[in-house]
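What follows is chain A paired twice: with chain B in the first complex and chain C in the second.
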Partner chain A sequence: MSTLDASTIKKVIVACDAGMGSSVMLAGQLSSALAPYSVKVQHAPVNQIPDDADVVLCQQGLVARAKAVKPDKPVLGFTMFLGDPVFDKLQKAIRDGGDLEY
Partner chain B sequence: MTLSTDTLSAEAIRLGATAKDRAEAIEQCGRLLVDLGAVEEPYVAAMHEREKAVSTFVGEGVAIPHGTNEARQYVKRTQLAVVQYPDGIDWGAGTVHLCVAIAASGEEHVEVLAALSKVLMDEQKAAALRTATDAATVLSLLGNDQQEAHA
Partner chain C sequence: MTRADEATSPTPADQPAESRMSRAKTAIQRFGGNLAGMVMPNIGAFIAWGLITALFIPTGWWPNETLAQLVDPMIKFLLPVLIGYTGGKLVHDQRGAVVGAVATVGVAVGSDVPMFLGAMIVGPLGGWLIKLFDTKIGHRASSSFRMLVDNFSAGIIGGLLAVAGMLAIGPVVRTLTGWLGDGVQFLVDNALLPLASLIIEPAKVLFLNNAINHGVLSQLGVSESAQTGKSIYFLMETNPGPGLGILIACLLFGPRMMRASAPGAMIIHFFGGIHEIYFPYVLARPRLILAAIAGGASGVLTFFLFEAGTTATPAPGSIIALMAVTPKGGHLGVLAGVAVATLVSFLVASLLLGFGRAEKARELQEQVAAGGPVDDKR
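And then the complex of A and B:
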């Protein structure tokens, strides 16, 4: 388990295989949730995660691929699109400025 | 009034469909995208492949079948299609009553998917989408009204 100082998070990338469906939907949801904290949320194919991503979110089944592409980035896996606890965890850490475990 | 957005139109909406399983539903979604002239044939196989790799079930009875990154070459234009299954289909993680099939070459569909995600976070709107009996209802839930208001 590593930790990241959540106050340093400026950009969250939602990655999926094709970058055309799942990640687009989730990025839309999260960007409204995180906008008050000046955190940008963008979507990308898992093979094209941008270098300036502070945190990467992707479906659990893609976590290994995301980590292989960006070994130095915190990668959080989720299993549900609506209401997965990891979204709350991320939002709370960003809001409260605490440590984010990953 | 034209019932269409840039990426979703009434002719891309099929209500009251039936399919025996997830694979048949994916096939129907893919076939519709082919018939609409949005994708070339190999995209349909990529939709099956993507579904096997990671489910496109997003919750609230909705799945968003689409192809793989490699299959983007078969997308002729960005297009969404909606196929509704009133009897429901076993999608593994849950029962699906509505598929929003996606073919994307660019970002033109992002607004409609953002509208979809907002609808799914509102239980009443999500139910209205799953049980819609005309294309106009689907289009208005997925943002057509707002776009017309801006026009």
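And then the complex of A and C:
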């Protein structure tokens, strides 16, 4: 477990296999939730995670691939696409500042 | 890539089996992801081709000889070239894309089948060769000659690859495609096609859905559809029935956490076509994969009996996309396959969830195991 200062997060990348389906849906939901804290949320294929990502979110099954592509980026894996506690954790950490475990 | 893998995974000696398994899974996912990555950005063009085919061919909604001329060049040249272009682009941006596209023309011209597989090989190959040139030789050119070197290196490498593609790579790929087609034809002739669900459904929930569909099944489908106007292969992975059945079963009999999110997931899955949404439900209760397989196989069988098919890949696998690319007169068969798959998968999933009893017992057990009094928590 390492930690990340949540107040430094400016850009969240949601990654999925193709970067066209589930990641677009999740990025849409998250970006409205995180807009008040001026955090940008974008989607990407897991093979093409952009360099300026502060945090990467992807389904547990794709975490190994995300880490292989960007070994130095914090990757948060979630299980469910709807209502996973990881989304709340991220939002809470960004709202309150403080450390985010990953 | 391998270096990164070694850095992040635990030492192989500790857990050889598991880490080798998960590494293999990651490798397959990445390979499949690259295949799908060449096709998926171009799905719009596939759908344009599918709609034009469904409308204007002699058996279509509005047969029109003039407009039907669009069908053949689109499938034989436009789509493979787009795939080769995107494949080159994945390797080396715009320069890779240009060389990949030129190289693809070499395999596409003179082929009587749509050269998707060939495009997936020569596209990235072209991108890789021009990347090799740029990093080894091209960067040494002085800046005043840079444009000359850049343009002619891309032109010469692309041209050579097109020639090699036409004379050497094309015939080899055609032979391979022929063998693959024969193998699949064997399954079709012996009515064994539903067995494919044994592979398709488990691969799907391991996030190999795009690789299976766009890497394998749509290749087969496009060849068949170009000849007969429709193909069952497009339906085998994209059928939203198995996932819908599982989600309904989870809504009624699933664990508490699943029940809450199932209705939203059903809409996103069935109408939005984002199948990924049901994978976690199966991964959380792995025996549900049996429901997906049973649903998928019975769906394929139903499609087979109705001789159902679609003209192009319904992507995403939403019921709306399925209906849109179904040829005239084929809607009943497609709907029947989706309905049967949903019903079978729902029944099997409900059985596997013990019609709710198993989950209630499990929740109770977890509460007791957590040490709390059974009733206090809720």
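Descriptive notes on the structure:
The criterion applied here is as follows: the second predicted complex is superposed on the first by the 102 of 102 C-alpha atoms of A that agree within 3 Å, B and C clash if a C-alpha of one lies under 4 Å from a C-alpha of the other, contacts with A are read in each partner's own complex, and residues count from 1 in each chain.
Convention: a residue touches a chain if its C-beta (ideal position, glycine included) is under 8 Å from a C-beta of that chain, and two chains touch if they have at least 3 such contacts.
Please read these numbers as outputs of a predicted model, since none were measured by experiment.
Of the two partner chains, chain B is the only one touched by A:Gly28; chain C is not. With both structures placed on the common chain, the touch criterion links A:Val56 to neither chain B nor chain C.
Applying the stated contact rule after C-alpha superposition, one finds that A:Ala44 touches neither chain B nor chain C. Using the contact criterion defined above for the overlaid structures, shared-chain residue A:Arg65 touches chain C, although it does not reach chain B. When the shared chain is aligned, chain B and chain C each come close enough to touch A:Leu82.
Of the two partner chains placed by superposition, A:Ile94 touches none, neither chain B nor chain C.
In the superposed pair of complexes, A:Met20 makes contact with chain B and with chain C alike. Taken together, the two structures place residues 16-18, 20-22, 25, 45, 47, 59, 61-62, 80-83 of chain A in contact with chain B in one case and with chain C in the other.
If you check the complex, the residues on chain C that touch chain A are 1, 4-5, 7-9, 22-23, 25-26, 29-30, 33-34, 36-37, 40-41, 206-207, 209-211, 257, 260-261, 264-265, 268, 272-274, 276-277, 279-280, 283-284, 316. Residue ranges on chain A touching chain C, taken from their complex, read 16-18, 20-22, 25, 45-47, 59-62, 64-65, 67-69, 71, 79-83.
Chain contact summary for the complex, chain B toward chain A: residues 50, 53-54, 56-60, 64-69, 71-72, 102-104, 109-110, 113-114, 116-118, 120-121. Contact residues on chain A toward chain B in their complex (touch as defined above): 16-22, 24-26, 28-29, 45, 47, 59, 61-62, 80-83.
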